[in-house]
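Following this line, the structures themselves.
In what comes next, chain A is part of two complexes: it sits with chain B in the first one and with chain C in the second one.
After this line comes the complex of A and B, so read on.
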């Protein structure tokens, strides 16, 4: 365990999901200025799904990444600027654009078992002299040893840090310790952790990650993010300060950024909420894109959509496999009807 | 560590704080019925400050405890009924009343260093044949060894379980482990844990408590409770199920009780929120009664009320010591003015 922690604010990237990617460049500038004033280490700015995400598939953002970066960069003095790239969504053109505008860090994210698609991107980012961080998404879907293998690939490609991303908010503190602890023991680079709050463990899991050897952690003001959101970063600052970690952000300053700057921009509906939907996604370990379809199919087959989600979670479905929902519902309905028939028979 | 966990729902007691003690007996009956249907182990029903709390000091409830108990008892089949008593607020008359109406458990709560005021109450409850649980409130204000001493007193008096209550939501997981772990090692009776979510650790701390040897834990539907609320019990059920604990409540049933039964009774303003106010109370370890006065005094002395709260927390103030707020603000203002004067002098 090291005591120095780097804190990365995701309000202007992961938080974009909560506002349907509709922050204006001016709003981003205001949030960035408040975070810079509060000594935040890093702010990340991008479409919620990374650079190039603004599209019919992922939702159009209110402005181009260029406009966002142009608005934010003048507000940053000591705070570093990070951008996100998902191979397949963003390209090297976007990396160039971000570097030209002053990005300090490029984070490259892949599914937890697909680090091998990121080699070219890491090579490119490092060749251009930037810090490169690797993100392994949906990390509840792989065992610690497999995650280590993928993280070692990213390290080989040149990553300066690798993050365990709990994208579905499905990990328990013991799961976090196992994953982060192994990476911290075996890698030569920094290990990071990124929480979602679906199981109410945004802060608890981040503490577990730090205890297991992570040295860089993500969060958002007010926890802003899809569904139940991310680790609430002003809370995290207070907790890390209280726990004796060596951090740069100023507690009161980050609190002010949350309540005086961000909150007035956000409607009540956009605020993260730990309701039954987000809880079920975390419990089942399923990505939020399944929620709406599952409800519709559940109604058709008269099956509790939560049962379908649990089944899907056990099958470890990923985005793009939404067609499996109907198969699962049909099977559950068949099991139920068979059960009812057997009961009726035994009643005779 | 044992795997069997008893879960106690506090929606109709600690949750009363969030609704200014205004649940109607009918609303209580509906919530209790949903929790009983979901196999909750215990529900607690009382004024937020315990039986006898309905008063000008603590806020008048919408009905008498008698009416609440009469409404709830017919709805409970397998779920046990608990009532809360704070010596000095409630009396033996209320214990008799609750027993006559069917209470199974009486919880007796004192400040963490004042267990000695509870002897008569425990004796009385045990003489009448009920289960008696002891609650040590504001347990961040005492070191583990002192808490053990107080818990041993309650054990001597006849308590069947002692709870570490994190009334201000001020404990970190390591603090919880130290406190609960020592009690679990040294006591012959059950150890419980009761969280508040001021540092976002309602769920994380409850897991830490169970890992350290607690076997009974509290929570509320949707986390309902003053400020940032308690551990959100439907989330806790999902998490404990996922973590492999042996629990009785049905996950989907408790989720339904939260969203279908409780949520329609509650306004948005009554929903727990982890805002700057509740975060500061947890960070400073100060009880919520200080909040309003601190803001007023801070304005008068032009001192950030958060600085006053931090000072008050270091002084370990308790309810009733609100007059210290002005002293602290005056001292902070004096220090500030002296600093400004010294700066001005050194500028010359």
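After this line comes the complex of A and C, so read on.
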């Protein structure tokens, strides 16, 4: 097998969730330089929620997107630079700025059923001559046929690739095959896959996606990303190499980038692991970046984060609705306190 | 003296507005609903006929032909069309309440600045956005107690209630709303975020307002101010409800540096009245309610002017 696979490292984008968007521009430059030296195909840089994501709702980043891009661009030689935008959070003004600063690829993400809010953004990216990728987030929340419909819209708007994003890490390998396979069969453009490891399937699902026809896949050094993290990219490089895929990154170089460059920057609290709270994200089907916000809110209201996540899953919240974590926790705390008061009353 | 009004654009917004005026317009008399299609091809015009409201099917020409019937026009078409219509309304001496994103006139939020905007002599006023109507009053309520350094709003609306206009121009929503948080709400900086949620049954419109203020702010006073503004809004929008009273986030509650500031979080749900649009479409309802609320204020000022100086509008 000599299938070519493009690898996208998002340590400096999805990984921003794990560090509460507090990477410094210098840290980003060091990670980008190590990835460039390791022949990574693409690195993605921005706030975890995309350009324009720096906010109270998602957390202010330590620096502006402009500062991050200016720090990273000089470090990249052959590696391409990608930026992320979620329409509704950021606007074409941010795309414009990123292109001026040297972005090569713009990835435009919408909820899996809402692709039709992205037409302007694709048009703008294509008019400026960049590669445009469409990302359909929380793909577990729609059936394959619906995902195809949304992917076709993005294709029509000018996307060069469409990704099935398992933003909640909730898909099983058979779900991945159904979704990626249908898109690969029906679309004229490339199909990508983006994993989260909340059910322990980050690498396995990525293999299933490649097997079903994906040609571009996401990962992060040490898996550093929202929730329990993404597909661990140095592992993915080793696995894809063993499986006989044609990949560009250098195995030792990517391993060194992870262990020697990234790990010293990350505290124990920040390094994602597949703990009970992140397992619950995958089980309940909740957007992975809710994890750290839910823990903070859970602590404030003294509520088990898993209870909050289960409730959010039942409400079918989508990416971007982080403020509802407080809403749910406040309600659960009120119910609990009312229950305690009732018990106390009946004890009398 | 009441004001005679026409609605231009018999779509969802125009039709909902018609029912609101007929239901509870005090000093607004709806004289005509105007579209560009024959009545049998327009649900909105058909609804107007059913309610005994005169209709026009020639667009702006219907307005010109009957201009002496009206004092005020509600524009419920699109930004591009309002840009063409606005000079015509001006020539005809008609006050324009603009529900499109065109924003030729100043951003207007009934409980915050409508009286001032009208008193300043503007004859074309813009309704910002649905999210702006829901959240700007809260920013104003906080700002009058303690200067708002930064205001951020998020609006979650049911996918089913987001029409093609919103979907094709989502940047316009965030940019306009952010500008409204600053210009009308009083924040030094503003940011707006919108998400569409496809859950079934459809979600009610929910909004969160974050305001960053100095840590010395008297939070109880802010809560009182917010309560007061919320009840003002409720007189125009009965389904407007504060679901979380301003709650403090301090440095320990966030992962970024807050300096000497605290964050006050307020949450709002807007349930529509369900006249024409279903209750979950609170986002559309709040726009039509704001337009009617603004028109009522225009009417009140013209009544006061009549009483004070016998000034009439012709």
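In this text, the second predicted complex is superposed on the first by the 286 of 348 C-alpha atoms of A that agree within 3 Å, B and C clash if a C-alpha of one lies under 4 Å from a C-alpha of the other, contacts with A are read in each partner's own complex, and residues count from 1 in each chain.
Here, contacts are C-beta pairs under 8 Å (C-beta built on N, C-alpha and C of every residue); 3 or more make two chains touch, one makes a residue touch a chain.
Because the structure is predicted, anything quoted here is derived from the model rather than measured.
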Partner chain in contact with A:92 - chain B first, chain C second, else both or neither: second
Touched partner set for A:149, first chain B, second chain C, both or neither: neither
Which superposed partner A:232 touches (first chain B, second chain C, both, neither): first
Partner chain(s) touched by A:172 [first = chain B, second = chain C, both, neither]: first
Contacts of A:202 with chain B and chain C, given as first, second, both or neither: first
Touching partner for A:306 - first (chain B), second (chain C), both, neither: first
Touch list for chain C against partner chain A, complex: 150, 152, 154, 156, 159, 164, 167-171, 173-175, 191, 193-199, 206, 208, 210, 212, 243-244, 247, 249, 253-257, 263, 265, 267
Chain C contact footprint on chain A (complex, rising order): 20-22, 55-57, 59-62, 87-89, 91-93, 111, 113-114, 116-117, 119-120, 141, 292, 296, 300, 315-321, 323-324, 326-327, 330
Partner chain A, residues of chain B touching it in the complex: 172-174, 199-205, 207-208, 223, 231-232, 234-236, 238-239, 241-243, 251-252, 255, 258-259, 268, 274-276, 279-280, 282-283, 304, 306
